[in-house]
Amino acid sequence: MTLTLLALIPLGGAALVWVTGRFRPATVRVAALVVALIQLAFTCVLAVTVATHTPATMTGGLTSAASTSFWLLRVDGLALPLIVLTSLLGVIAVLASWRVELRPGAHFALLLGLQAAVTLVFLADHLVLFYAAWEAVLIPMFFLIGGWGHEGRRHAAMKFFIYTFAGSALMLIGLLLVGFTTGELRISALSSGILDPTLRTLVFWLLVAGFAVKVPIVPFHTWLPEAHVEAPTAGSIMLAGVLLKMGGYGLLRFALPLAPEAAHAAAPVFATLGIIGIVYGAVVALAQTDLKRLVAYSSIAHMGFVVLAIATGSPLALAAAMLVMVAHGLTSALLFLLVGQLYERTHTRSLARLGGLLATLPVWATIFVFASLASLGLPGLAGFPGELVTFLEGFASWGWWMVAVALGVVLAGAYSLRAIREVAQGPEKPEWAGLRDLDLIELAAAVPLALLIVVMGVWPSVVSGVMDPVARALSALVGRG
Amino acid sequence: MNTLVLSCALVAAGLYGVLTRRDLVAVLASIEVMLGGASLLLVAYAAPGVATAAAGQGYALLVLAVGAAEAAVGIALLVSLIRRGRTRSEDITEVRG
Amino acid sequence: MSVLHEMPYLAVLVPLALAVVLAAGVRFWGNAAAWIALLGPLTGLAVGIASIGGGTAGTFTWIRVGQTVLRLGYDANALTVVMLLVVGVVASCVMVFSIGYMHGEKGYVRYYALLSLFTAAMAALVLAADLVSLFVGWELVGACSFLLIGFWYAKPSAAEAARKAFMVTRIGDAAMLLGMAVLWNATGTLELSAVLGKAATLAPGVATAAAICVLLGAVGKSAQFPLHIWLPDAMEGPTPVSALIHAATMVAAGVFLIARVWPLFEVAPAARGLALTLGTITALGAATVALAQRDIKKVLAWSTISQLGFMFAALGVGAWPVAIFHLVTHAAFKALLFLSAGSVIHGSGTQDLAEMGGLAKKMPLTAACWIAGVVSLAGIPPAAGFFSKDEVVASVLHAAPWAGVALFAASALTAAYAARATRLAFFGEPRGAKPAHESPWTMIAPLALLAVGALGLGFAGAPLAALLGHEAEPLSVPIAATAVSLALVGAFLGWRSARPEASADPRFAALTRAAYSGWGVDAFADRFVVRPATALARMADAMGDRLAIDGLAEGVATMASRVGGLLAEIQSGDGQWYAALMATGVVVLAAAAVWLVR
Amino acid sequence: MEQFLPFAPAMFGVAGAVLAMAFDAWESRLSALVAAVTLLTLGALAAGWTAMATGLAGQVLRSGGTFSIAPAVCLLLGAVALLGCSGSLVSDRTGSRIVALGALTASASALVAASADVGMLFLSVEMLALCGYGLVALGGTDRAREAAMKWFVQGSVATVVFVIGTAVLLGRTGGSMRYDAIAKLAATGLDGPMAVGFVLVLSALAFKLGAFPLHSWMPDAYETAPPAAAAIMASAGKVGPIAATVWLSLAVTAAAGERLIRVVAILAICSIVFGNLAALRQNSLARMLAYSGIAQVGYALVGVPMGVRSASVLVFAVLYGLTAAASFILVEAIRRFDPSWDGTIRGLAGLSRRSPALAASLAAIMFSLTGIPLTAGFWGKFLIFAGASVGGYLWLAIAGVLGSVVSFGYYGAAIRSAYIDEPQEPEIVGSVAEEVGPRARVAVATVSVLAVLIVILGTAPMVSGLAPVLNALLK
Amino acid sequence: MSVSVTLLWWGLAALTVAGAVAVLLVREMMRLMLGLGVFLVGIAGMYAWYGFGLLGVAEVFVYVGGVLVLFLLAITAMGRDSESRAIVRRFDIGAATVSVGLGAVLVLALGGMLPGTSPVAGATVERTADALLGTLLPQFEIAGVVLLVGLVAALAIVGGGEEK
């Protein structure tokens, strides 16, 4: 019941908000905020309950023995951090779109609907439910990009939908093969032995097709920058913050357990792609002239760490994958939030036109510098633990290839510092004189993220601890435990 | 064998007419040729066995009836086109793409 | 006191807390900020004193998955104590000095917040009992240096310098990450006690690799050739910052690091050799460059690089206690020199030697302190610099004569540029545009304190060595004599060759220009690293991402709709063609059927 | 007597048509409409009742169990389509004739679905065809008559093909052409003539379905026919032939036809590729829907070779029929709502602001046609592809899902126009919509109800599960 | 089987083929209709030859007496502009290939299943009537419905032609 509520609160909230939007447009955002906060509080309570309980899992939904329902839910160390992240970013997204004038009812309803769908992806314990939620995520995102996006939104919305749909369509075939050859549709019951050995490699790659696009793994990433640049702020926050995590989650939840030996065999490929992603993403980010595009490519680089960690597959590395995912969820969300707030004021994201904002918008720029430093993996901030551990563990498996990753680390510094240099530092520009600095609502959105980034950096075990048992079990499967 | 060849030939010939004649009237006529050939085959197959013969004739009658109905509809269409002065197949190539 | 002894990490937490407090009230504290911030280094100092003769160590669990654990640990051992004292003293002096120097600056509180943060990070670095927390401190001091160099963010040159400093050091940091990975892979832990304990048992290849990676990290941080290019630019920051970060503490962290992990280098001769070579090259090369500088801070910056070179050379021959000794004395006299320079700049409003001159009359106290520093730098007895540098040269000469000779030359050059700068700044005719004035007591007092250190610390050599568990080599008279005489000669030449006008001696114009530009290392890096990288990035974006990868994705879509258009052409509107099409279909299907059941 | 029970449902429909014609004589279209709708609904109920009372098995028409579902659905869809388009059916002069032929189409399709005998199949398919020609011609325009004529020519060729097939099967089975007789014969092994006979009949069905390359009539017909007619032909008119294809294929291939059935796979892949790609470039909404219909038929055929699993095809057919009917009623509704609409997809721009209800229904329908979860369309494709991927036709399943991906290129384009695009000219429509409003009301209401139904059908199984169908698939 | 019967078959075959060829090639509509009539008669003869007298008679009545008349009406409605335009022939070869292909495939496929070569007295009127009112009764009824539909459709088409 609890878990069902977890999925239904934002859903019901969406309906409520939409109705409110028809009659009292002014109060919509408040309603949305209230719903999101309730969800967050509820999630936190749940998280504490589950995390302190051993084993750290909880099942829910219509689980009566006789029922043939697809509505089976389950939370474990793998899903929990991501669910919390989702609820958190849900609140942030609502705050980020506080000033949406255009059809606010629909906008907030879509946001909450998106949140519900993503939460359900992480909650689902039934293949069909999982896939349904997975695709359902596309719908609100499609409308968010298309309805509230920027100039190129027509194309971006379609591209986002079709590109990711292409991946998940193949994934569907993989899931169908799993479900209908084994006759087992409960995700938690999908153990490594269950799938016919002759099918495993095929299924593995079919599933990976879906996840690789979502992560995204280079070279299946080109939908991301476009979607990000065109999406409204809240959309970008959810997209970078949680949607990309669905890919990593899928790899850990399905690809590894179902076809361990295939995963083991494919590990070098993934490591290579991960490393390529780290370096390539950073290199391309370095060349961007659009601030939002730059952040988007930095996301690609960071998700490269996730892929690399998963390929490494040791318990610590898998925990690191989760650390990087959560950390990136916080950091990129903060960065996109800031970029959005900046765009509201300057109506440009061009690095060439920005500059000197430390003088113009001191508070904003300070937080921006902080976020950029976090994004380059500064120790003491969220990015560091996961990337460090990935690095350490990766060396054990991939040896001196990690030199390339080290290069990526340097380049991460390069693009982050470039962003700081072009945006925050430099002489104050008369063009931007007299812009108003962040107000309370905007601070309320940014500051919690900043604080959490510090917390994650200092006390990563809050996440890795929850992940611990799952990580050990998984890496035992892929034979690196 | 002969009948088989004959009816198949008739069908083929009718088809050729349908595909090549320009006057819609001729096209419809060619259709009748095809249909005739086909029902001839039906009859020829049904004829031998005493049991099948009756059923065959029955079916043939039904086919005949249906064919007539079709012909009626076809000619109705034809007339409705002729009224608009479109009597040849190249007059009706408007709907495309 | 016992609290400080039991909880040395207070040296980190207190300044950190202060930094947060200051940052929180950035609009509110005003001039009180300095005194609040001062508590930080003083705590560090207190912890250092409290931990003399054995401090406490401990760990916190950071990440635990299964059996594998990453711990954050602290350990107030002798070396740490020394560094804590250095950091505490210098930081306190700088903070006090800044009261006057930064007075009325926009961002006064921010300045002190960053200084406190730096103090905390530095303390964390030196207190670290494992490579993780060491690296944390290591990166954070780098970040603070970035933020402080870019303190005047509106100034493009400052912003560029800050970025450059962070980027160049980050190259070293990446290498250091690799070293950590190697060690983690080889020993399964990053706790220094354990790692160093196992150091002897490491495969030579592994040990060398790890040592070299760590060394590269140190090279980046301590501005050794070829990663030294960031330090001169870093002078864009406020002068007190240069004194604290870019002379006394952070740049010395490399030396500290190598000394801290010495057992590793013990088993990695190749790494030692590399350290010696780089150190020597740097010591000599930087000294020549310093000779040609016109900006007083640049002179000091290159001098710092050169002196750090001395330390690396000492490390290279295994004399790490000596290196630490020189680190301490250098911290004293170089901080002194920087602060004096700061005072000069404050007083005369310029930092171009060509526009100074004759300041000794206007700013006698500053001049006195400066001269004390210069004497110590040049290695004239009985100043502190003499003893430490003598020990360095002696030990190097003993192990690697060629390097020793080079260092002799370097020390001579040191004396030369010191003398030159002194003459240009304080003697001869006043060339300054506006009248200079002496600085307030808040600036002079720290100078005095440091001057005492610069002159007197020479006698701290023996106790220091004892503290570090070694015995200091006795002063070898011949070497000392050679060094001193060389220094005097150098000083004399430097004094004579000092010419105020911008253009150097025409006979050596080209040479001077080359030296002035740091022998073109910077230009080289720019042409062969920075620009290619940028070009590559642009190409990867344009050709790779937009054209190739995205082009492929988009191309598939366009192709599909093109083909769709062609297929729609099939619907030509000719009914007979449709009939033909379908008849063909029937024929094909029938044929297929016959074939399938054949 | 009991053998005539299976007729009852269809006969209700025919009676409705007759009544409609009668009322037409008195120019009272409303009563004609009401009569037809009522009787079709009654027919559907009757079919449902025969489904309840299993075991009622006529000689040549079957009823009971799944055999009654399809006919019921045909009749019901017919009723819904007529109801949805009642606006124009009542106002236009030819309304009652459309009603009559529509009711006949539904009945014919019901007979097609219920046929258990090739001869009966032949007759009902011809009936369906004749209705179609009439309905298209009722578009009243030159384009409509032209399309009808072309369709008639192709249809006659199909008839001939069917007759030849019948002849062969008759000769083979000796008198009786009932499916069970054919199955008995097929069990003894398929030879060339038998195969050809089957394939010829199959081709005739494929022509009714509009599978590539026997599809050419569909775009013309759907585009030029009155929306009501298109709605019926695309929904009711498809469900019957799909069901018939399943039954016939089962009869022929259940025993020995695994290889032979690959001809269906060929048809399926061709239709999927052609339909999806050709639809990408369409401007007219109706024509786009027609092309996409070719692809949808392809998906349905993917399920046919699954033998016992092909029950999932019926589920697909029903859900698709529902969505297709909704989509063409939507076309009608938009026409009613905004007479200035030129029928193009681009012309939908700004619909979301002019009529949120219509736009939302459009989104639901298009997502359902794409097969996105939470809509009815998903379950159909889900079951089909599940069956195919485990039934040894993995490549077909993959082709199918990729086809669905492509299909969003045009379905999504419609949604995009309705929600994202800005209308070219400033909307004067507001006022027009006011006075058109009342006439559009029924259509809009019907579409909205159908859209809601689509979503409910899409979401409910998440909770209820699909136990029966899944068990069929999992075994 | 006697020679005369065989000759009769060949005669009828010649008749139908002649008619078919006329339908294919003749330009002038009236002559074409004549050809069609000949063809239909020939077919009817074939039915009779196979002993399906009833069928033959029906064929003559329905087609020659009904359909053909409709054709003639249509032609008269059409006027005489038909052969004024030159006959352009497109994709003859293609059409020929398809047609021949269809015929060939059928012949080859059905080669193993030869139709009867001689008339039998099986299909007497009584038997046929029994069949139609017995096993084929449902079909018989539906055929009636089909005719009704044809009527309605024709009405709809012709009547619906006016507006717009």
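Just so it is clear, A, B, C, D and E label the chains in written order, and each chain counts residues from 1 on its own.
Basically, contacts are C-beta pairs under 8 Å (C-beta built on N, C-alpha and C of every residue); 3 or more make two chains touch, one makes a residue touch a chain.
Only a predicted model underlies this, so the values are computations on that prediction, with no experimental measurement involved.
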Q. Where the contacts of subunit A and subunit E overlap, which chains show up?
A. C, D
**Q.** Joint neighbours of subunit E and subunit D, given as chain labels
**A.** B, C
Q) Looking at every pair of chains, which two share the most C-beta contact pairs? A) B-E
Q: From the Cα centroids, identify the chain that ends up most central relative to all protein Cα atoms.
A: A
**Q.** Centroid distance [mean C-alpha coordinates] between subunit C and subunit B, Å
**A.** 95
Q) Between subunit C and subunit E, what is the gap in Å from one C-alpha centre to the other? A) 101
(Q) So the centre of each chain is just the mean of its C-alpha atoms; given that, what is the distance between subunit A and subunit B in Å? (A) 65
Q) How many angstrom between the C-alpha centroids of subunit C and subunit A? A) 36
Q) What parts of subunit D, by residue number, touch at least two of the other chains? A) 119, 123, 126, 130, 133-134, 137, 145, 148-150, 153, 157, 164, 168, 171, 176, 191-192, 195-196, 219-220, 282, 409
**Q.** Residue numbers of subunit E (touch at least two other chains)
**A.** 91, 94-95, 98-99, 102, 105-106, 109-110, 113, 115, 135-136, 139, 143, 146, 149-150, 153-154, 157, 160-161
(Q) If I count partner chains per residue in subunit B, which residues reach a count of at least 2? (A) 11, 14-15, 18-20, 27, 39, 41, 44-46, 49, 51-52, 55-56, 59, 62, 66, 69-70, 73, 77-78, 80, 90, 92, 94-95, 97
Q: Sort out which chains touch which and give me every pair.
A: A-C, A-D, B-C, B-D, B-E, C-D, C-E, D-E
Q: Sort out for me which residues of subunit A touch subunit C in the complex.
A: 162-163, 218-219, 221-223, 280, 283-284, 286-288, 315-316, 319, 356, 358-359, 369, 373, 378-380, 384-385, 388-389, 391-392, 394-396, 402-403, 406-407, 409-410, 413-414, 417-418, 420-421, 424-428, 460-461, 464-465, 467-468, 471-472, 481
**Q.** Of subunit A, residues touching subunit D in the complex
**A.** 62, 67-71, 128-129, 131-133, 135-136, 138-139, 142-143, 146-147, 153-154, 157-158, 161-162, 165-166, 169-170, 172-173, 176-177, 179-181, 183
Q: Would you tell me which residues of subunit D are touching subunit E in their complex?
A: 3-4, 7, 14, 17-18, 21, 58-61, 93-94, 97, 100-101, 104, 108, 111, 117, 119-120, 123-124, 126-127, 130-131, 133-135, 137-138, 140-141, 145, 148, 164, 168, 171-172, 176, 191-193, 195-196
Q: Write out the stretch or stretches of subunit D touching subunit C in their complex.
A: 149-150, 153-154, 157-158, 161, 190-192, 194-196, 198-200, 202-203, 207, 212-214, 216-217, 219-220, 259-260, 262-263, 266-267, 274, 276-282, 291, 406, 409
Q | subunit E partner contacts - residues on subunit B that touch it in the complex | A | 1-6, 8-17, 19-23, 25-26, 28-30, 32-33, 36, 39-41, 43-62, 64-66, 68-73, 75-80, 82-83, 87-88, 90
